[in-house]
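Heads up, there are several structures right after this.
Next, two complexes with subunit A in common: one pairs it with subunit B, the other with subunit C.
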Partner chain A sequence: MKKNSKLLSILPYAVILVCFLIIPTSIDKMFWYAAFISILAKMIASVGLRMVSLGGDMSFAMGAFMGLGAYGAAIMVTKWSFPFWAAIILAAVFAAIVAVLTGIPFARLRSIYYCMTTMFLGIFLIYIFQSFDWTGANTGIKQIPKLFGGKPAINYWYFLALAVVCIFCMWRFEKSRIGNTLKAIAQSHEVAASMGVNERFYRLMAIGVAAFFCGVAGASYALYYGSVVGSTYGMTLDLWIIMFFMVGGKDDFFGPIIGAALLGVVNEGSRTFGSYAPFLACAVLLLVAYLLPGGLASIPRTIKKAIDDKKMKQVDISAFSSGSDGKEA
Partner chain B sequence: MFTGTIWLGIGVNTLMLASMYIMAALGFAFIFNMLGAINLAHGNIYMIGAFIAYAICYYTGLPNWLSILIAALITAAFGLLLERFAIRPFKDDFSRIVMVGVALMFIFQTSATLFTGTKTLSIPLLAEGTVRIGALGISNQKIIMFVIAVVILAIVLFITNKTKLGREMKAVSQDRLGAALQGIPINRVAAIVCAIGCGIATIAGGLMGSYQSLSSGMGDTITLRILMLVMMAGAGSMNGIIVTGLIMGFLDAFFPVLLSGSLATTVTLFVVIVILLIRPKGFFGHEM
Partner chain C sequence: MEFQKKTLLKTVDLTKRFGGLVVMNKLNMQVTEGEVHGLLGPNGAGKSTFFNLVTGVLKPTSGKIWYDDVMDITNAKPHKVAKLGIGRTFQLNPLFGDFTVEENIMAAQFLHPHSTVLQVYFNTPTYRKNEKEAQKSTNDIMEMLNMTAIKDVKAAALPHGYQKLLGVARALAVKPKLLMLDEPLGGMNPEEIHFTLDAINTMNKEIGITILIVEHNMQVLDICDNVTVISFGEKIFDGTAEEVRDDKTVNEVYFGGVEYD
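Right, the complex of A and B next:
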């Protein structure tokens, strides 16, 4: 029984992985490779957002941390001619350091003030890069040497492997003692603090880990794409990452993964409709908001609850009928 | 280094921008104070209202002030629907209200982009000519915008401070359950307030659209300004947004004089972040 339930819990991940293995290799390769690489990069960022949300915060700056990684890697490769792997890792560390340093004063803020101020922070960080000529101002950094010579197929396999490794690392992080501590802080930070938990330290650690993986995703994407433009890492990207996270559902680890996969495929697939494209993704958002309060990942739970309720109802009815029998007698 | 003329120019721009920001932010701030819900689509109602005003003006040939007024009525009616279908069902669920807000935001932006195409659109100016004060020329358009804003803000302040509706709004923002127990119809009050807010935001959008040109990006810009302004004022503060609106207006009028384009926005954002870090609940706010 236990083995069975473990298999069941791995099943959705396996299904998503198989989809990602089959779909881009079987149809219109060039288009779907590019689309899926972008989806995978945003998926890593939205799972990173889940790490932050474990501690009860919602950071609106995830897109900006991707942007930090992207700019960092681009500068290191073009200006200082670092090797690719060193640039990716150092850029990710840079994003994590910035996230932790800004996180120290931000720990004062709570709930909606935290969300909104991190949104301003994200826009601010990207605007810094857009303000100076050394980082390319508004036109961004162009002509970055491309990862694997810019071949889509190898890049796609690299991104898939990267996503699997990053998501597995974050899964381990969530299941570790740190993850449990963060969940305790999310439930009540006063109680957690009274138990001797250094609340601020754990929240900083969560944002650092999240920003590191966002940085890895952003740096890899910049090196694959060959150019970095600040405006692509602005408010819209922040909001899309949050949408991926929320459509999937914020109560399950699987949530951001299915959210990014579904919404990303809808969003990229509807490119063929030209400028009408965003309507389809918005329709998905509205449908999920109205019909699935817990997000996509809550569907099995909702069905199970419905079945249980039905069973409960049957029990109730039998109890009621026996009661009425008693009255008659 | 600054002469009197430059300071006077900054002062005029501050008042003009601040009045527009406050008008655009009113609806958002009311809903945020009363229900604790953030309606991210509100900034784009400002934008779509300006587009509706342009469309009425362009296709029917009505005078510009009348088309802005009709657009305000249309968006006010839309505000009723918005409150009923996008805010009321989700007001206690942060993630779903953000989802609906973002979806509406993208829908409005895409519609506006489709409508604009590659053209540059602009509502005709409300008033031509300039008034000269010393070496400084102030366009009549700016003066008219400011006067309209002051009149509207005076009416809104009268409503919030002196009438029954205003007292009901205050009661709801202090304690929703308590207000409901006293027999205040929370949903009806929220709907009326949302309609008023959307209408006023449209007037601001229309005025701004006749001063500058229309673009689908103006929704994003104003959304960011609204969020900064309301967060600086803090939750539960009805009159505080006028103070923070003036601060926002000053920042946006002052820094572009000193610094170039995006650097000015960077510094503005930095100042706002620092203010929020020093006052984590805003100037006049309370815990959420």
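Right, the complex of A and C next:
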């Protein structure tokens, strides 16, 4: 029985993975490789956002952390001719360090106020990228030597493997005692402190871990794409990451994954609509918010609850009728 | 025998002002190791402020707090205070509502046994051993407080009395030397009160935890060794539980000086 439920909990991940293995390869188009690579990069960032949200926070700086990784890797590869793997890891570490250092003052605030400071950070970092010649100013950094010679297929497999590894690492983070401690902090930080939990340390750690994986995704994406422009990592990207997170469901680890997969495909698939494309994604967001406040990942839970409620009603009725029988007798 | 006992908690001229409002005025009190100490006082006397000052949630305006005779914990952070062995419950009793009873207590087993972040993440043998130990101690606590039957119930769904008791269980999981209970009997029915008082007595007598208890309900006097009464941030009485019933000032503060024959 226990083994069954474990299998059942892995099933959605397996289905998504199979979809990602089959779809882009069977629809033999360059476009879908590119689209799915972008979706996978955003998916990693979206799961990273979940790590931050475990501690009760929300962040608008995930895109900027991706940007830090992207710019870091681009500079390391073009100017200092680092090898790819070193550039990706160092850039990600750099993003994590910046996230933690800026987090030290910001994490004094909580919930919506913390969220506002991260929004400031997100906008501020983009301005920094665009202000210096060193980072290519408005035009960004071009002609970065491409990852795997820029071949789409190999790049796609690399991104898929990267996403699996990153998401597994974050899954370990959430399902361990660390994740539980963060959830405890989110529910009541004063009780957590009375148990001896250093609340700010844990929240900073979550932010650092999230920024690290955002950095990995951003750095890989920059090296795949071959150029970095500051505006790519602005508020729009943040909004997409948050939208994936909300549509997928903020209460489940699976949420951001399914959100990124479905909403990402909707978005990329509606490119032909031109500037009307975001409306379709917004329609999906509104529909989900209205019909399924818990997000797409809550569908099994909602169905189970509906069945349980129905059972409960039947029990209630039978209890009531047997009670009245008792009275008559 | 008495002179050998340590002073576990001692405040010297503890003062707290919120702007012009003096909530606590030069309070001197001490809690001896091994006793059940009652801290009584009418509403707004500053009892909860006292708790928050000791546990580091609030910083005192002036004065000192000494722990275990020699340690100055006047400006210590809450998690540091917990590490030193001061457990507490809260008056409004915030719980981890999404967690079950068992998970609540497990989450509180954070310091003892403590695993470092890396040990946890890489699931080392030390961590697994610690988790087993934590599970065992969680079971012990649930057994002692009679909560084993409800261990899978979500904390938010519990009746009020059990929620209060869960607060105590969680504080106990910190393995405190000094346990500070903020109105543990608030909103309980007579059976629950009886049971909770028994449990507090057990913790004190059998495990040897020193207990500082804030309460309105005078039934706690039955289990208290010593009592301090404060009113508007000033100490008005310090003595044994028997003496407090006959004290004139205390009666005046509580009952408006009405004489009962």
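Just so we're on the same page, the second predicted complex is superposed on the first by the 318 of 329 C-alpha atoms of A that agree within 3 Å, B and C clash if a C-alpha of one lies under 4 Å from a C-alpha of the other, contacts with A are read in each partner's own complex, and residues count from 1 in each chain.
As a convention for this text, a residue touches a chain if its C-beta (ideal position, glycine included) is under 8 Å from a C-beta of that chain, and two chains touch if they have at least 3 such contacts.
As the structure is a computational prediction, the values presented were derived from the model and not from experiment.
*Asks:* Return first, second, both or neither, reflecting whether A:Met205 touches subunit B, subunit C, both chains, or no partner chain.
*Replies:* After superposing on A, A:Met205 lies in contact with subunit C but is clear of subunit B.
*Asks:* According to the stated criteria, A:Thr302 is in contact with first (subunit B), second (subunit C), both, or neither; which is it?
*Replies:* It touches nothing on subunit B or subunit C.
*Asks:* Between subunit B (first) and subunit C (second), which does A:Phe120 come into contact with in this model arrangement: first, second, both, or neither?
*Replies:* first
*Asks:* After superposition on the shared chain, which partner residues are touched by A:Arg177: those of subunit B (first), subunit C (second), both, or neither?
*Replies:* After superposing on A, A:Arg177 lies in contact with subunit C but is clear of subunit B.
*Asks:* Go through the superposed model and pick first if A:Met243 touches only subunit B, second if only subunit C, both, or neither.
*Replies:* first
*Asks:* By the touch definition at the top of the document, which applies to A:Tyr276: first (subunit B), second (subunit C), both, or neither?
*Replies:* A:Tyr276 sits against subunit B, while subunit C stays out of touch.
*Asks:* Which partner chains sit in contact with A:Glu190 here, subunit B, subunit C, both or neither? Use first/second/both/neither.
*Replies:* Only subunit C is touched by A:Glu190; subunit B is not.
*Asks:* I want to verify the contact counts: of subunit B and subunit C, which reaches more residues of subunit A?
*Replies:* Counted on subunit A, the partner with more touching residues turns out to be B.
*Asks:* Name the contact category of A:Thr139: first (subunit B only), second (subunit C only), both, or neither.
*Replies:* neither
*Asks:* Determine, under the contact definition given at the top, whether A:Gln130 touches first (subunit B), second (subunit C), both, or neither.
*Replies:* Touch partner of A:Gln130: subunit B, not subunit C.
*Asks:* Shared contact residues on subunit A, subunit B side and subunit C side combined as an intersection?
*Replies:* Touching subunit B in the first complex and subunit C in the second, no residue of subunit A appears in both lists.
*Asks:* Please give the residue numbers of subunit A that touch subunit B in the complex, ascending.
*Replies:* 58, 105-106, 108-113, 116-117, 119-121, 123-124, 127-128, 130-132, 137-138, 235-236, 239, 242-243, 246-247, 250, 275-279, 281-283, 285-286, 288-290, 293, 295
*Asks:* Help me check something: in the complex, which residues belonging to subunit B touch subunit A?
*Replies:* 36, 38, 89-90, 93-96, 98-100, 102-107, 109-110, 113-114, 220, 224, 227-228, 231, 235, 260-263, 265-266, 269-270, 272-273, 276-277, 280-282, 287-288
*Asks:* Would you tell me which residues of subunit A are touching subunit C in their complex?
*Replies:* It is residues 172-173, 176-178, 180-181, 183-184, 187-188, 190-191, 193-199, 205 of subunit A that touch subunit C.
*Asks:* Along subunit C, where are the residues that touch subunit A in the complex?
*Replies:* It is residues 55, 57, 77-79, 82-83, 87-88, 90, 94-99, 103, 106-108, 110-111, 115, 117, 120-121, 123, 127, 131, 170-171, 173-174 of subunit C that touch subunit A.
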